[in-house]
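Following this line, the structures themselves.
Two complexes are shown next, each including chain A; its partner changes from chain B in the first to chain C in the second.
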Partner chain A sequence: MTSIEREFQIAPIVQESVVHNSRTLFNLQSLTASLFGVGAGILGLESYYGFLFYIICSLLTTLLFYVLRVAPSSLPAGKGAFDTSQYFRSPYEFWTGGLLNGLAGFILTWTLFFGLVRA
Partner chain B sequence: MAQVPVQTIHRDPQLFYWILVPITIVMILTGVLRHYATVLMATAPKKLDQKTIREQRSLLHGINVRSNFPVLSKHSFTTRRDVLTTAYESGAYLKDPERRGQAPPNPMSDPSSMEGMMGMMKNQMAMIIPNTLIMSWINAFFSGYVIMKLPFPLTIKFKSMLQAGVATKDMDPRWMSSISWYFLCIFGLQSVFNFLLGNDNAASQMAQQMGQMAPPTGQMFGPGVDPDKQFLAEVENLAVIEHYSVLDGVEQRLLESATV
Partner chain C sequence: MTWISKTITVFGGLLLAHACYSAQEHSALQSLRAATSTLTSSSPTAAALPVDIAIETVVATLVILLGLVLGTRLLRPIQWRVWAGKIEREGEEGFVDNEGEVNKDYVGNPYRILETRPGFVDIRKQRREFAQWVKNGGSGGAGAQ
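Right, the complex of A and B next:
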């Protein structure tokens, strides 16, 4: 009967809400990853620059998601800046999880548009 | 290290319209088709008779009381515990009270569990068959030439897999044949399917999801599990719980958090 356990029982974590939040973030990141692939292909970026472009833009998307969606209700509730604990469980996964699950879509559209535009 | 000259091959622009786009369209359409076929072929959840449902739900009730006991007050908890314990021990919830001491029915011969296994096998088949067909179609029609260049370099070992029809020694592994475009599509189109068909569609990678779902549900009502032993284990679990409630001291917490 530790104090952490009691806190979880007083304010329980609802599984459905957690799933909904992470699914929203996942969908957004997959979609934008495919679109960034289009951009990278049209710009004609090659290996390292292409991946760097992807990482930067993906982090930018997550930052915008934080500023526009999470901050308006999380800052007044007393959380610090860049603290996502009101909606998401682990900050590491919030910021970097999108990189891995969007990678396949990014490579697909990148290759497609690279070939189409470069002729 | 001398700079390796960039290999460029001039290709017919019509190549794209006749190869890349048809393969992509075919893969998207078969994905959508597979999703709707799975939805239509799914068997309706079978209707259980009242005794079976009562047996399963009473066990769930016991488990819920055990895991969520802090929300109950002391009196509610002890009442529930006594009722459930007497019912479990006397076997009031069992499906066949006469078969108490015997072994549970064999999963192969018990007809109610066969349909569960058939459902899983049907899903596997729905995944495997279209993929195999498309792969053989691509190998038949689209082999023997390279289509496009990957934007990033790969190691030499990938060449044998991805440049299947073209047997050259010096060509960069960045040049790929159509079968590699097929592989790229399998992985990359999952997000497109997510977008088109909504979440948990049948066209995405089901193998990983099924692998994760199988362990939790397999222990409880699967074939070959004896409900009588489960009930008795639940009796012991309920007996060892030291009860505390979130309602203890709630007035103190409220006074602390109220600001004047």
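Right, the complex of A and C next:
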């Protein structure tokens, strides 16, 4: 038995909660990615600046989500700062998962609003 | 809670719509000026966005972002012991959504089946009763022939 399996035997995981949390984060990221596309289109960003804008805003979303939703209950529970293990299985999924989730929606609204504004 | 997030989101949406319209008007004005200034040979300046529209766009984006994050559903602990402890302590009150209603997928105490199952059946007593019933010739009850 590997150490990971033993860890799950000692502290079992609730699958429904994992799905619920992931879906909540996914919905937020999809919505906000479209929003950032609108912003980038209005600002008239082109090429790398648009993607830079998206990356910064996406990380900001995750940070805000952490501050408002994760931190209020995970810090009193004894978790360290930026520790999301109370609600998410892997920190990579939490911090960087949104970058790929919303990229398509971002590009869609980015090009749409760029075309609308600059036509 | 929900009206705060909705108000913030709507306010940000208004700001964003205003910024979008301003940018579109600015772009139209620039193209018009470029079309008419060919005669006067003024310098064809690039149609850079005015800084106030840019600031408004960024602020509107951040305001909507804040509203959307405030409107997300509350998270649930993924460790079974933390989750079950939360249910024991808070019951349904720990699983209300932003509208103040209990979540539809709230299942309650995960150990409910264990706690409400019937007590132990006295199987020896039942066997004794059955033996008594057989000894009496099976008369009475459904088994009587």
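As a working rule, the second predicted complex is superposed on the first by the 108 of 119 C-alpha atoms of A that agree within 3 Å, B and C clash if a C-alpha of one lies under 4 Å from a C-alpha of the other, contacts with A are read in each partner's own complex, and residues count from 1 in each chain.
Methods note: a residue touches a chain if its C-beta (ideal position, glycine included) is under 8 Å from a C-beta of that chain, and two chains touch if they have at least 3 such contacts.
This structure is a prediction, so every number in the text was calculated from the model and none was measured.
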item	value
Side-by-side fit of chain B and chain C on chain A, or clash	fit
Computed vertex angle (chain A) for partners chain B and chain C, CA, steps of 10°	70
A:Asn21 touches, of chain B and chain C: first, second, both or neither?	second
Partner chain(s) touched by A:Cys57 [first = chain B, second = chain C, both, neither]	second
Which superposed partner A:Val38 touches (first chain B, second chain C, both, neither)	second
Touching partner for A:Leu112 - first (chain B), second (chain C), both, neither	first
After fitting on chain A: smallest Cα gap, chain B-chain C, Å	10
Residues of chain A at both interfaces, chain B in one complex, chain C in the other	27, 31, 116, 118-119
Interface residues, chain C side, partner chain A - complex	16, 19-20, 23-24, 27, 49, 53-54, 57-58, 60-62, 64-66, 68-70, 72-83, 105, 107
Residues on chain A engaged by chain C in the complex (per definition of touch)	11-14, 16-18, 20-21, 24, 27-28, 31-32, 35-36, 38-39, 42-44, 57, 60-61, 64-65, 68-70, 73, 77, 86-89, 113, 116-119
Complex contacts: residues of chain B adjacent to chain A	11, 13, 16, 20, 24, 70-71, 147-153, 181, 184-185, 187-192, 194-195, 199, 242, 244, 246, 253
Chain B-touching residues of chain A, taken from the complex the two chains share	1, 6, 9-10, 23, 27, 30-31, 33-34, 40-41, 45-48, 50-51, 101-102, 104-105, 107-112, 114-116, 118-119
